[in-house]
Amino acid sequence: MTAGFISKKVLGALVTLIFVVCFNFFLFRVVDADPVANLFRGKELSQSQRAELREEFGLNGSQGEQFVKYLGQTAQLNFGRSYSTNQPVWDEIKKKAGATIALVGIAAVLSAVIGIMLGIAAAWRRRTKADYGITAFTMGAYSMPEFWLGMLLLTFFAVKLGWFPVGGITDPDSSATGLAKLADQAHHMFLPALTLTLAYLGEYTIIMRSSLLDTMREDYLVLARAKGLRDVLVRNRHAVPNALLPVVALMAINFGFVLSGAIAVEAIFSWPGLGLATYEALKGPDLPMLQGLFLVFSASVILFNLIADILYAWLDPRVRTS
Amino acid sequence: MSAEGNGALLEVSGLKVEFPGRHGTARAVDGVDFTMKSGEIVALVGESGCGKTTLARSIMGLQRPLAGEVRVRGETLRYGRRALRDHRRSAQMIFQDPTGALNARQTIYEAVAEGVRIHRLPGNEEEVVAEGLSRAGLRPPERFFTRYPYEISGGQRQRVIIAGAMVLNPSLLVADEPVSSLDASIRGEILALMLKLVRETQIGILVVTHDLGLAWNVADRVAVMYLGRIVEEGPTEEILSSPRHPYTRALLSVVPEIAQMEQQILSGEAPDPTRIPSGCRFHPRCPLVESGKAAELGIEERCRTEDPVELPACHAVR
Amino acid sequence: MSGQVPLLSVRDLHVTYAAAERPVPAVRGVDIELEVGETLGLAGESGCGKSSLAGALLRLLPGGTEVTGEVLLDGEDVLTMKPGRLRAVRWTDLAIVFQGALHTLNPVQRVGDQIGEAIRLHSKGTSHAKVRERVGELLELVGLPARRARDYPHQLSGGQRQRVLIGLALACEPRLLIADEPTTALDVMVQAQVLRLLEDLQERFGLATIFITHDLSTLASVCRRLAVMYAGRIVEQGPSHDVFAAPTHPYTRALAGAFPVIGDQAFRMAPAGLPGDPPDPRHLPEGCPFHPRCPAAVETCSSVPVELWPAGPGRAAACIHAPGSPVPA
Amino acid sequence: MRSIHRRTLAVAVLVAALITGLTTISAHGQDGSVTFDVGEPQGIDSMSPLIGVVVPSFEAWNIQYATLTDKAAEDFHTIPGLAESWTASKDKLTWTYKLRDGLKWSDGKPLTSEDIAWNVNTSRKEEWLNHSAVTANLTATAPDPQTVVIKTSVPDPKLPTMDVYILPKHIWGKLSPDERDKYAGEDGVGSGPFVLDKFEKGQFARFKANPNYWGGKPAVDTVVLRKFNNPDAMVAALKTGELDAAWDIPGAAFNQLKNDDDFVTNEGYQGSFSEVALNGGDGLKKGHPALEDPEVRKAIAHAIDRDTLVARVLDGIGKPLKTISPSANPEWVPDLSEDTSLDFDLDEAKRILEDAGYKDTNGDGVREMPNGGEPLKFTYYARSDGETGPKVAEFVRGWLDEIGIATTEKIASDSELTPIIGKGDYDMFAWGWTPYVDPDTMLDYMTCKQVAADPDDPTNYYNDANYCDPEYDKLYAQQKVELDPEKRKEIVHEMLTRWAHSGVYNVMWEEPETIAYRKDRFEGWTQQPAETGPVLFSNTSPTYAKLKPVSASASGDDDGGGSGGIIAIIAAAVLVLGGGAWFLSRRRSADERE
Amino acid sequence: MSALAEAPSARRIAWLRRRRAVAGAWRDYRRHLPGMVGLVILVLVVAMALAAPLLADEAGLKAINSTGNPTWASPSEFGPLGTDGLGRDVMTQFIWGSRISLLVGLAATILAMVIGSVVGITAGFFGGAVSAVLMRVTEWFLVIPFLPLAIVLAAILGPSVKNIILVIGITSWPSTTRLIQAQVLTLRERDYVDRSRALGASNWHLMSRHILPNVSPLILANTTLTVPIVILSEATLSFLGLGDPSNASWGKMLDDAFESGAVTLEAWWYFVPPGLGILLVVLAFTLVGQALEEILDPRLRDKHG
C-alpha cells in the first residue's frame, strides 16, 4: 500500500467533505431565513443589537460573502449556537457524542461479531435446520423497524417486568463512581444496546453467509482439503478470512453511520446522545444544532469510508500490492 | 486467386495503438503494415500480448489507432458514426468465446437478425435469417429461431455468430481465435465452414490465433507477430516449413506434434508491451543471441541497437 | 506387471453428482492401474468425466456426490478410509496439480505460507526455519527464486503460479502426482516450459503421474500410456505412441486428427472434426454412447453395449470394430 | 488470521460477562439518605433565571431561591419570606421591608439587604427576563443590613408582594452584564430549601437540602428533577419505583393511576386553559377573509364540542371552559353556564353560515364566500409540543369539515409557531396559557397594544388572535385602577365575556396539572391553592420544604426486585452466546460427517 | 391469438420469447419456497390495501365519528383490534394505513429506481468524464447519512405523502446507481456488446437492446429489495413526526401509539399490529427480492441451486 494510494484516498475524502460542507450551507440557508430572530425570539432587541448579532452569525453581505464566512467558521468548528441552549453547537455535540459512541459502538461491535458468527454458522451448515433457523431469525430482526423493537422491549422488560430502567444513561439518585457507576450505565444501556444489536445483526449475518458461500466455491478450498487440512481449519484459515474481507469493509462503512443511526432508538430510551439531540433539535427545530449534527454525521461517514478503503487495502494484498 | 484484380481487400499501414496504463503506456500495436486480398485466409499468429487482438479490433474500428490507417477495398476507415456503420457492413468479426459474444437474453433469431435490423437491409428478414443460419450449417434454420444461446452447444453458438456476420455479406471477416474455446473434436467443423465460405463468397478472412496447427489447416498466408510488430510473413507452407525468423522457429518448435524439431523453449513469459526493448525487440529472448550465434555472425551489437525494419525482421537473416 | 500390489488401482469407479432433477453420472465404471513411477495420460474433452475421476481419487468432490467402486492406494481403499487416515494420505501419498492456478492458490496468503502449511501439516513440529528452508528449496526446484515465497499469488505470472503449484505438490514427497490440465490457459511458450519441468521432475523423483488434459498431442509426447475418455468411460487405452499413431477407436482417431501435424500435407487445407457435440451425461444415447457422431457407426452400434475389448498388445478399445470385439460389426 | 471467530467469540463472551458482573453489583449505592425523585417531561432549559423560560426551570428556582415575600399555600395571599414584616408609606410609593435575623446563603455567606437591593436594581437596569416585569418601576436601597427600602415610580397594586428570585450578589455581582446574560447559574448557591448539586441538562437536576434555609433544613436530603423525553417512560418509572412523583402525566395513564391503590393522583388546577384561536385580522397580516365576518366566527364557536374534547383529548381530566381564565384563582372566571351562544350545535352553525351566504355552490363539500368563489379553506396549525395538539386538530377539523369548512393541517413546534402567529401567517391554531395569580397580565395580553405591529420583531407581542377590541381596552384601563376588589372582579368578568363572544378565542377547557405520587414514600404534600391546586409545580411549590418520609416501615426501596431479573436475562444472554460458541466450535462439520 | 398469428413474424418471435421467459421464470419462482411465502403475504397485504373501502368504513378513521366508542378498548372489548385513545377503531386504521405504507414504499422506490438506473446506466456505459462526474456525485450522496438528510428535507418540504415520497425517493437512489453502474461496466466489456458494435450498432441501440435488458433483472430484484428499506424509512420518518398528519400510515400509527402512551397503558393492540404489518411487508418484499435475485441473476443461480 503506497503513500500515493493513501494520499489519493484522503484527498478524495476531503473533496467529499468539502462538498458536504457546501451542501450543508445551502440546505440550511433554504430553511432558516433569520437565525437571529429565531435565537432571540421573545426578547427585545434593539436595531443595533440585531445588527451586531447578524454580524456574529455571518448573515450580513451577499450570499457569496456569507458563504465564505461560513466556510471560515466551519473550518474552526464554529457551527453557531444552539437555539435551545444558547451554547456553541460544537460544545453540545462534544458533550453528547460520548453517550452515542458508547451505546452505538457497543451495539455495532456486538452485532458485527454475533452477526458474523451466525453468518458463518449458517453458511457452513447451509440447508440444515441451523441455517434455516438463523436465516429466519436474522431476517425477522432485519425486517423490524428498530424503534418498534425498542418499544416492545421497553414495554415488556422495563414497564411490565421492571427489570431495566425505562430510560436515561445513569440513575440520578446515585452519585456512585468507578465500577458501580459503570455498572449503573451498563444497566441503563442494556435494552437500547440490545435493540440496536438485534437491528444491525441481520445485515452482517446475511452478508457473511453469502460471502462465505461464495468463498466456499473457490478452488483453493479444494486444494486446502487436498493438502490434508481438517475441515474446521479449511474454514478458519482459508474460507473465513477471505470471506470476511467484504464484511470488514461493510463494518467500517456501517460504523460511519453509527453516529446517526440511533435517532429513533435514542429517543425511545431517552438516551442522551447525538440521536436524542437530533430528535430534539428536530422538534425545536434547533437549526444550528441540526446543521452541526448533520455535518458531524456526514464527516463520520466520510472518515469511516476512508478507513474502510484503507483497511480493505491493508487486508487484501491484491489491492495493497498492485 | 482474387477476382478483385490487384486491388487489395485490406490494407493496414503504419498502424499504432497505445494504451495508457499504470505502469506506463503499452504500445500494443507498434507500427504494422499489412495487406490481404479477397478470397484468402490469412493467419495472424503470436503469443498472447503480442497485439494481434488489438490489431484485429483496430481493423474493425473498435479501437481507434494512434497513427496509421486501415483501408478496406481502398476505402480509408473513418471514425464518424455513419462511416463506422458503413465500414461494419463490409468488415465483420467472429469472437473467441461464442458464449460471451451472444446476448443470453436474445434468441438465435434475434442474434442473427440484429445486423439486418441495424443496417435496415431490404428483403424479408425471416428469409435472410433462415438463409444465414443454413449457410452456417444450422439446419433446419427454423428449429433454431426461438432457441436461446444456452440451449445450443458451443459449436452451434459459433455458427450462429458466423451466420450473424455473414448475413451482412461482408467482404472481410476478422476471426479472433475462432476455435480456441471449443472442444477439439468440433474445431475442424468450424474451420471447414470458414474454408467453405471463402470458396463460395470470395470473402477474405483474417484469423487471429496462437495455434500454428490451425494456420496449417486453413491459412493461405501466415503473419507472425511479436510485441506489436509483424516479424515474418509469407505463404503458409513456406513459413511453416522453413521459418526464417528465430521467433517463428521457436514457436514452431514447441508445437508438440513436431517430434523431429529440437525444442527451443524461450525463457520468460509473454513480453510486456509497456517495455519494448531497444534494438531488435526480440533480442532479450532470442536464441541466437543467447547461444552466441549472433555474436559469431557479428550482428549482436546490431541486435541490441538497431530495429530491423524489413521482413523477416531479423538481422541474422540478411 | 510386478507381483506386488500396484501403487494405484481403481476399480469400477462411478461418480454421480446430485442434481435437482436427476443425478448426473460423470464417471461410469472406470478401471485404472498404475505402477510406481509410471505415467498415464488421460485424455478427453470437456464433460467426459476426467476431472471428476481425479477428484474422486482423493475424495475431494462436493458433499452429496455419490462415489462407488474402489480406489486402492497401495491396496488400501481411499473411499472407505476414516477421515483422519484420509487426511494423512492426502498430499503425502497423492498430490494434485490443479488447473487454473489463479483460483487454486489462496489470493490473500503468501505462496510460501501456502507451501509451508502443507509441510507443517504432515510433519508436525518442523521448526520455522526448517519450513522456510524447505519452501525455498521447493521453489528453486521448480525454477523460481526462493525469495518469491513472500509474494502473493497475484504478483506472479500464470506460469509462475503453475510452478508454485507444482512445488506445492512436491512438498510432502508424494509417490503419485495427478496433474489436472496443468498447462491449460497458459500461453504456448509457457506451456512448453511447464511441461518440460513436469517431465524433468517426474524422471528425477520417479513419480507416478496421471496426466489429465484435453490435448491428446501433448499427452502423446509426455506419457508412456494413454487412456481416452468419452462420456464417463475409458474408450481406448494403450501405449501412447501406438494409440496416437494408429488409433483404434473412431473417437480417438477424430481427436488425433484435430491436432494437425504441421508439414503433413494430409492436414493442409483439410481441417478434420467430428459432427455433432459431446453428449449430455444426463441423456446418454443407447448402445455405444459415441454412435451418433461416429463416422464408422453401423446399425448394431445403437443397441449393443460396448466395453473395453482387446485391441492389440497392451491395448484395448470400446468399439465393436476393435479386433477383440465379440460383437460382429 | 488464525481462527478468527473463536477470538471474536471470546471478546463477545467477555463483554457479556463484564455486563453481567458489573450489573449485579447493583446500581443503587444507598447510604440511608432520603431522596425525592420527581419526573417531568419538559426539562429545565437553564438554571439561570435570566435565561430559562419553562415550567421546570421555575420549579428549580422556586426551591433554590427564596423571595422577599412568599405566597400562602392555601390562597396566594402575601406572607413573609426573607422579609419578616413590611410597612408602606402613605402614598404607597415607598415600602420598607425588615429581613429575618441571621439569614445566610447556602454557602454560609450572610444574606443581607444589599443582596435584595442589588437584585431589584440590577434586574431593572438589565431587564432580566424573569424579574423585570416586577421590578420595572422599582428602586431599592439598603439603609442597614436588615432593612430594604423599595420605591415605586407609579402606584403599584401588586406591592407589597415581591416575588422575584433573590440571586446571590457575591456570585452574580462579580460578573459583567454580558457575562451575567450568558452565565449558566449552576453554582448551586441559594437561599431556598434546596440548592443545586448536579445538573445534567436534558437528563436531570439534583438538589441537596440547604442547611441554611431560613425555614430550617428540610427533612428530605436530596431532590431530583428528572427529565423524561417521553411521558410514557416517566409513568413507567413511577410505577417501577424509580420515581416518587411525576408531573404532567398523560391523561390515559393518569386515569389508570387513579385506580391504583399505590398512588395518589392530584389534579391541580391553576388556571391553565387552552383555546382554538382565529386570526382576528388586526395584526401584520389578515387571515382568510371569511374570518373577519363575526357570523363565521359564531358558526365556528358552535362547531366546538368542549365536552367531547375534555372526554377524549384530556381523557376526562379537565373542565370545559368558555372563556379565558386570567388567574390561578378561579374566582376571576365569570360563570357562562347559562350562555348557550357558545355551545356545540352543528346544525345551528350550518344555519348561520347558510344565512350569511356561505354556500357550497360547487358541491365539493366546502362552502364558498358569498361574493366570489373563494372556498372556506383555512390553515390550521397544530402544536407538535405537548400532547393535545394533534388530537384537538383531529376533532376540530372534523367538526369544521361537517359544517363545510375545510382546513389544511400544519404541524409546528412552539418556536416555529410563535413567529408565524406574530406575522399573522395563519387562520387558526390551538394553544394555551397559564396565568399568574393577579389577572392583570393575562388581561393585558389581549389588549390592542399586544397585537403585533412591528414587522421586524413580530414575536414580541402576546395578542395571538391579532384582534383588537377598543371596548375591551377601555375596560382594561378601568380595572387597572379599580381598588375595590368586588368591582374590579365585575369589570374583569365583563371583559372576559366580551372577549369570549368575539369568537376569535374559543376556549376549550381548563386543564389541571396532572401529578401522581407514591403513597408509601412521603407525606406533607401541600396543594396550592388548597383543595384545587397542584402539589408540585404550583406557583411557589411549597411542598418540597414540607415533605418528609412516611414515618414508618414502608420507606424501603423496592429496587431489589429488579436485580434478580437482570441476572436472569443476562444469564440468558450469556447462555445464548455460549450456545453459539459451542455450536460453532464443534469440530466435526456437516461436510465431514457427510 | 388470431391477431398474433397475423402479426409480423419477428414480433411473434419476440412475443413467444417473452412468454417463454416469463413462464420459465415463474416456473423457477414457484419452486422457491421463501419466495412463494413472501409473494403470498404480499398478495394478501396488497389485496387488503386495495379492498380497504370494502373492509372498513373510512369514516371510522375520524375521531368525531368514534365518540360512541370506548377509548383504549382492548380487542376483547371492541372489534377485532380494539380502539385507540380517541376511540377510533384500530382495525380500520390498520387497514387504511396499509395503503399509505405501500403507496409510499412503491412510489418512492420507483422514483429512486428511475433516478438510480438512469444515472447508473449513463455513468457505466459512457465512462470517461461523464462517468467520473456522475459517480462522484453519487458518492457524495452515499456518504450523506440518509436519515438526517431525509429528516432535514422532510422538515423543509413539510409533511405530506407527496413530500415523503419525494424525500425518500431522492435520498435512496445512490446505492442503486452504484450497483447498476458496476453491472453496466462489466456488461460493457462483454463480447456481445463488441459483436453488436461490430455489426454497426449505435450507442442507443447497445443501451436499449443489450445493456438495459441485461440490467433489468438486477433493477427488478433491486426494486423489490429497496421497497422494504423505503417502507422502514417511511416508518421511521413518520415515527419522528415527519409523516403526513392527515393520512395515517403504519409508521404514523406507531408514532401516535408512542405519543399517546400506549406503551405504559400496555395497549399492545395499538402498536403491535402496525409494527407487525411493517415487519411482514418488509419481510415479504425481502423474500420476494431475494428469490428474484436468485432466479434472475445468473451469477447467483448455481450458488443456491
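Per-chain numbering from 1; labels A, B, C, D and E assigned in written order.
Here is the rule we go by: a residue touches a chain if its C-beta (ideal position, glycine included) is under 8 Å from a C-beta of that chain, and two chains touch if they have at least 3 such contacts.
Just so you know, these numbers come straight off a predicted model, no measurement behind them.
Between chain A and chain D, the least number of touch steps comes to 1.
By the count of C-beta pairs in contact, the leading chain pair is A-D. In terms of their C-alpha centroids, the spacing between chain A and chain B amounts to 56 Å. Centre-to-centre separation of chain A and chain E, using mean CA positions: 24 Å.
Spacing of chain C relative to chain D, judged by their CA centroids, is 87 angstrom. One inter-chain figure worth recording: chain D and chain E are separated by 43 Å, centre to centre, where each centre is the mean of the chain's CA atoms. Multi-chain contact residues of chain E (touching two or more other chains) are listed as 241, 258, 263-264. Contacts with at least two other chains are made by no residue of chain B. Multi-chain contact residues of chain A, defined as those touching 2 or more other chains: 154, 159, 230, 237, 241, 267-268, 279, 283, 285.
Taken together, the chain D residues at the contact with chain A in this complex read 1-6, 8-9, 11-12, 15, 18-19, 22-29, 35, 37, 45-46, 51, 53, 127, 129, 182, 198, 200-204, 206, 222, 224, 226, 228-230, 233-234, 236-237, 239-242, 384-385, 413, 415-416, 418-419, 456-457, 459-460, 561-562, 565-566, 568-570, 577, 580, 583-584, 587-592.
Every residue of chain D that touches chain E in the complex is listed here, in rising order: 230-233, 235-236, 239, 250, 252-253, 256, 308, 311-313, 315, 382, 384, 387, 390-391, 393-395, 398-399, 402, 409-411.
On the chain A side of its complex with chain C, the touching residues are 218-220, 222-230, 237-238, 241-242, 245, 315-318, 321-322.
Interface of chain C with chain A (complex): residues 55, 58, 60, 87-92, 95-96, 98, 100, 103-110, 117-118, 121-122, 152, 154-155, 168.
Per the touch definition, chain B reaches chain C in the complex via residues 47-48, 153-156, 183-192, 195, 210, 212-214, 216-218, 237, 240-241, 250-252, 254-259, 263, 265-267, 269-270.
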